[in-house]
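A, B, C and D label the chains in the order they appear, each numbered from 1.
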Amino acid sequence: MVFLFYFLSAIMVISALLVVFSKSPINNVIYLIICFIAMAGHYILLNAQFLAVVHIIVYTGAIMVLFLFVIMLLNLNKAIIPQKSAAARILAVVTGGLFFLVLIAATRQTFVITPRYAFTSEIGLVANVGKTLFHEFLLPFEISSVLFISAMVGAVMFGKRDHSVGDD
Amino acid sequence: MVEQIPNINLAWLVPAFPLLGFLVTGLANRKLKHNQAGIIASAMVLLSFLVSVVLFFILRASGQNEATVTLFNWISISGMNIPFALLIDHLSLTMMLIVTGVGALIHIYSIGYMHDDERVNSFFAQMNLFTFSMLLLVMGANYLVLFIGWEGVGLCSYLLIGFWFKNPEYNYAARKAFVMNRIGDLGFILGIILLFFTFKTVTFSEIFVQASGFQVGAPVITLITILLLVGAVGKSAQIPLFTWLPDAMAGPTPVSALIHAATMVTAGIYMIARSSILYNLAPLTLNIIIVIGLATAIIAALIGLKQNDIKKVLAYSTVSQLGYMFLALGLGAYSAGVFHVTTHSFFKALLFLGAGSVIHAMGGEQDIRKMGGLRKKMPLTYFTFLAATLAISGIPPFSGFFSKDLILSKAFEHSIILYILALGGALITCFYMFRLLYLVFFGEQRLAGAHPHEAPKVMTIPLIILSVLSVFGGFLNIPSLFNGDSEFITFLQTAVVSKASEELSHSTEIGLILGSLLLLGLVIFLAYRTFVSKSIIPAKDGEPMPFFSKLIANRFYIDEMYTTVFEKPFGYLSDFFYNKVENSLLDPVVDEIGFTTSRVGTLLRKLQQGNMSFYLFAMVAGILLFIIFILIV
Amino acid sequence: MNEITSAIQLIPLQHYIILSVTLFSIGMMGVLFRRNIIAILMCLELMFNSANLLLAAFSAYHSDPSGQVFVFFIMIVAAAEVAVGLSIVVMMKRNVESVDINLLNRLKW
Amino acid sequence: MIVLVILLIPFITGLLLLLIRNAATIKLMALASAIVNLAATLSLAFSTQASSSYSVSWINFLDINFALGYDGTSLIMLSLTSLLFPFIIMAGMKREQEHPGLLYALILFTQSALIGVFLAQNAFLFYIFWELTLIPLYFILLLWGGEGRRNITFKFFIYTLTGSLFLLFGIIYLYSLTPGLHTTDFSVFSQLNIPANTQVWLFWVLFIAFAIKMPVFPFHTWQPSTYTMAPTQGVMILAGVMTKMGIYGALRFLFPIIPAGVLYWQNTVIILSLIGVIYASVIAFRQTNLKTLIAFSSMAHISLMVAAMFVLNYYALQGLLFQVLSHGITIVALFYVVMLIEEKTGTLELPKMGGIKLLAPYMAILFLLIVLGSVALPLTAGFVGEFLIITGLFQQSIWFALFGGFTMVLGAIYMLYAYQRVMLGEKRPDLENITDLKRIDYIVLIPLITLILVLGIYPQPVFNLVETSVNTMQNLLVPVADVLPSLPL
């Protein structure tokens, strides 16, 4: 099982790197989906079943499909955008690496700490999460619906053709 | 404490009358017709004079020497109590009588002299204001009230010199007078403040009582007296602050008579005489006064030799006579100085008024080279002028003889060199005065088309009264030599503490007098030879002259020197400050701070290229730095 | 099930942290690396998920379901963000005929 | 309670004015409000009761009260403000002005804010009112100003604001030093025992705002241009009251709170001020613009007051507070005459003037009287003030007194020069149509001149008014005198 953790982690990291480095948007989406599926595996490992399911549905099912749709609708795959200059790319890699180092350094102190609480397997179950969600976080939950609506309206507004421009 | 003298409170009336006159003539300026303003003004001064006389008798009857009349508390804060008080003692009474007496005569004279001027009402208002200030000056019971009058007369002098304000030169002269006086006043006020800190009061009587606690030559007293002296030098037109007085002749002639001969310019002498107790404690200052006085007397007399403007001659003669008064003060003979003030006010006022008559008669002409032969046309003026000339030259028994002789004999007591120098000055005075007399009244009339005529009565009567005073004024103080008992000096002794000096023996004095008389006669004869027998008329402007004459004629270039050394650099300094310091240094520095901010903004704007990638980099770099900072700290 | 839960306890929490940091850094690098806005948006999703993973891990180790609820909320926000973000991409494609981020250089006034 | 009334009358009237259309009504209402305010202030000044105060809790979590009160110093400043505003308002009467409602509302708002500054009992309130004065004044200058107003007003605003920022920092710093639950009360501030080393730098943090407002050399560069372009009423407020606000602030903040800092910098500031005296006077001599000239003259006088303030002995303080009043009155009268001259000749350039006395003799006389007040002739208010100030300076050093006294000489030089160039000389053909004063001009000028003379002849009431606070203040520096030698001088 421990092996499973490392296996999934390796898949995630590799696919994430491929998301960054492969040029075609379609490939990017596919690698990202692989990454997210591995992420769902991690959730299951953590016994967060509800999350795992939601993750698959929302991310892999909805968001990534949305990406795919957009790419296909706009026919983006053909028009491959030139990459940034070599210097900029090297700089990006260096910055990313630095960021990694710094974050590791920042969290290093926590490595020695061991969790104080007993590990219970039940908390990730739908029942527990649902209870917490609808007791403690009821108001944020409702407000998030407002957020959703406004996001939706916003997306529709953006998506509408701008008549004032009227050139195409 | 001395008991209150009955009726002494009348004293406030003395300055009040001229003030009233000022207010009436000033406020009702437009309403007054013809001579009304002049009559009101003269009446007020005359009333003042009468009150002064009454006060004189009141004081005499009371048997006391002085009385203080406190009107109200002017400044009264902790540790500083300055009442608005008047002091009536023998010195102030003398000065009051001179100011109001001579003042009244000059006011009356002005009725005639200023008759045709369109702003005659303003003139009389200002004259009255002057009289008021001058009375405050001489009556003030403390230095600060004295200072009020001191500045007040300066103001009136400014106004009256620039009375004909259409002429820019007159305005310049007025301003020059005021500013030079102000320079002196600065020293004066600092002296007053130092007095205040030394004695914790500025009231005369209290200071003089305390002064006895100081040793002769105490530094603080020396400093005080020097500072006060600066004020006196400014006001009494002594070297180095004398150049304003000749220029001040721009004013109407009665003004020159009243302010710049009889009263205001003697304020410095009055003040030093008033502070005699302090000056007695400061021998150093006295020596300075001697030097200043003598130098002024001689230099001004020399300049007077070559002046061609009738009023300028008189002006330099005034400066020179003031120098004699200073000499007297410096010798510690304060009463002699005040005595000379008195006689001088008589004969110099007379001279100026006579000159006014002449100018009036000549239709405004002031150049003596263009006059001449007026003796026949204006006999009355001639005789009065002659009397005054004899008086100023020190011919016995005219008043000037007594006062000047007193000073000369004091000088002789002090040192023979002083005596010789002073006598030399007196001889020069005699020469230029007779030069003036001869050029104006003798010979042929040189200005064509002028019809000189005798002035109206309102002008001649003051002349006559003044000439009587000039002639007999000296008898106020007949020295023991002539079996007198020096009444005037004795009278003043209660208020002025002269330095004790041994009397000259009568034989020495007679010798001195005879010697000087001989020399005077010689000088008069010389002047007669030059200007009457040979009818030499002074050279026109611009004609070549010997070096020394030229130097004198140009007043030793002192005016030019002041212009070059002070006035122009002041202007340059002003320009420098404004153009270089203000507009090229200070202001730009401030502006530069603003511009730098905006420039840095422009520079930083370059970073805002709008490139999203760059923004992202910047953001990440920022986060990185932030985390690193947190880790390190 | 129990097997899994017992096994997971063998994995120290810090491994999750390291994993999450790695993913976050890769996402960050991707954002800087790419010019395609869609790719950048995907990298953002990656970063979101690294945070999610960490929250879930802490939640599990602390036995507190709140963490997982937060993940849920983050998903909501991410969905909203993607919806708006992609509509912006559509807008951009329509207006400038490209999804190159370097063309969006008007953000300086 | 009455302090609140004084504060609110101008403010509320100002609000009302915004609703009125008729120009004459607006001016009359503004004047009425100013006169009521004057009456109220005078009732304070001459009341025998204990001082009135007003306090209501305002920002609770910062423990800041809306506390108003006054002492002798405030009272002088209040009297000055209330005294000058009727005249400032009257300066616009019978004159065409654009948007009178807004203008007079702004003027009254300024008054209200100024009064607030003088009444504030804690530093926070003080700061708020301090900044509040700037806003209406900014608009007065910007909207009714003369040539180049946009840049000049901008500079003025930014300059003073920058200074205020330091003040704010200083206030917050002091606030953080207060014990227990922090507070900004002046009474608590003055009890702080700030270490001498801190006071040394804190001095400049606090002083710079006041130095700019007064202004002290070399922080004065905003002043001449601002005065020159400002509308008459604006410049009257600026020169008459605003500069005094700087003095008041310094008296409130520096001496009680950081006496050691003051003592440490005392001579520096005095010397700076005396440089300012000479510098401004010398510059004034060659100015061709009448307003600029008076701006520099005002700077010279203010600098002398600053020197007096930092000498901080009894006479200097008495002189200072007296001079605050006298300078305010004189400068307002001066600017009124300047306005008249500009109206009649259409210019402020001295070379284009001359001979006005022939056409307008009464104006010339009144102008001369004001000029004399300004050059400190005895029996005018200026003399009493400057005499006491110079006395105070003398107590410190004779050199200070000498250089301070130069105002009297230099002032006479440039003021009389200006007077001469405006009024005297021959008639100019292009100035033929000048008329003499109108009734409204007399109504404004005669009381001002009377005040100048009355205060010069009988200054005692003012001395009595400030006696107590002067006595308190003069002792402020005494206890710290021992601390000082430990500082590196």
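Things to note:
Here is the rule we go by: a contact is a pair of C-beta atoms (placed from the backbone, for glycine too) under 8 Å apart; a residue touches a chain by one contact, two chains touch by 3 or more.
Computed from a predicted model, the values in this text were never measured in an experiment.
Central chain by Cα centroid: D, whose mean Cα position is closest to the mean of all protein Cα atoms. Using the mean of the Cα atoms as each chain's centre, the chain most removed from chain D is A. One simple way to say how far apart two chains are is to compare their mean CA positions; for chain B and chain D this gives 37 Å.
Once the centre of each chain is set as its mean CA position, chain A and chain C turn out to be 4 Å apart.
Distance between chain A and chain D, defined via averaged C-alpha coordinates, is recorded as 66 Å.
Centroids of chain C and chain D (each the mean of its C-alpha atoms) stand 63 Å apart. Counting only residues that touch two or more partner chains, chain C has 28, 32, 35.
Touching of two or more other chains is recorded for residues 84, 88, 91, 95, 99, 103 of chain A.
Of all residues in chain B, those touching 2 or more other chains are 613, 617, 620, listed in ascending order. Applying the touch definition to every pair of chains gives A-B, A-C, B-C, B-D. On chain B, the positions that touch chain C within their shared complex are 605, 608-613, 615-617, 620. Every residue of chain D that touches chain B in the complex is listed here, in rising order: 155, 158-159, 218, 220-222, 224, 279, 282-287, 314-315, 318, 355, 357-358, 372, 377-379, 383-384, 387-388, 390-391, 394-395, 398, 401-402, 405-406, 408-409, 412-413, 416-417, 420, 423-427, 457-460, 463, 467, 471. Here chain C touches chain A in the complex through residues 1-5, 7-15, 17-19, 21-30, 32-36, 38-39, 41-43, 45-46, 49, 52-53, 56-57, 59-66, 68-69, 71-73, 75-84, 86-91, 93-95, 98-100, going by the rule given at the top.
Note for the complex: chain B touches chain D at residues 72-80, 144, 147-148, 150-152, 155, 158, 162, 165-166, 168, 171, 175, 178-179, 182-183, 185-186, 189-190, 193-194, 196-197, 570-571, 573-575, 577-578, 581-582, 586-587, 590-591, 594.
Taken together, the chain C residues at the contact with chain B in this complex read 28, 31-32, 35, 101-102, 104-109.
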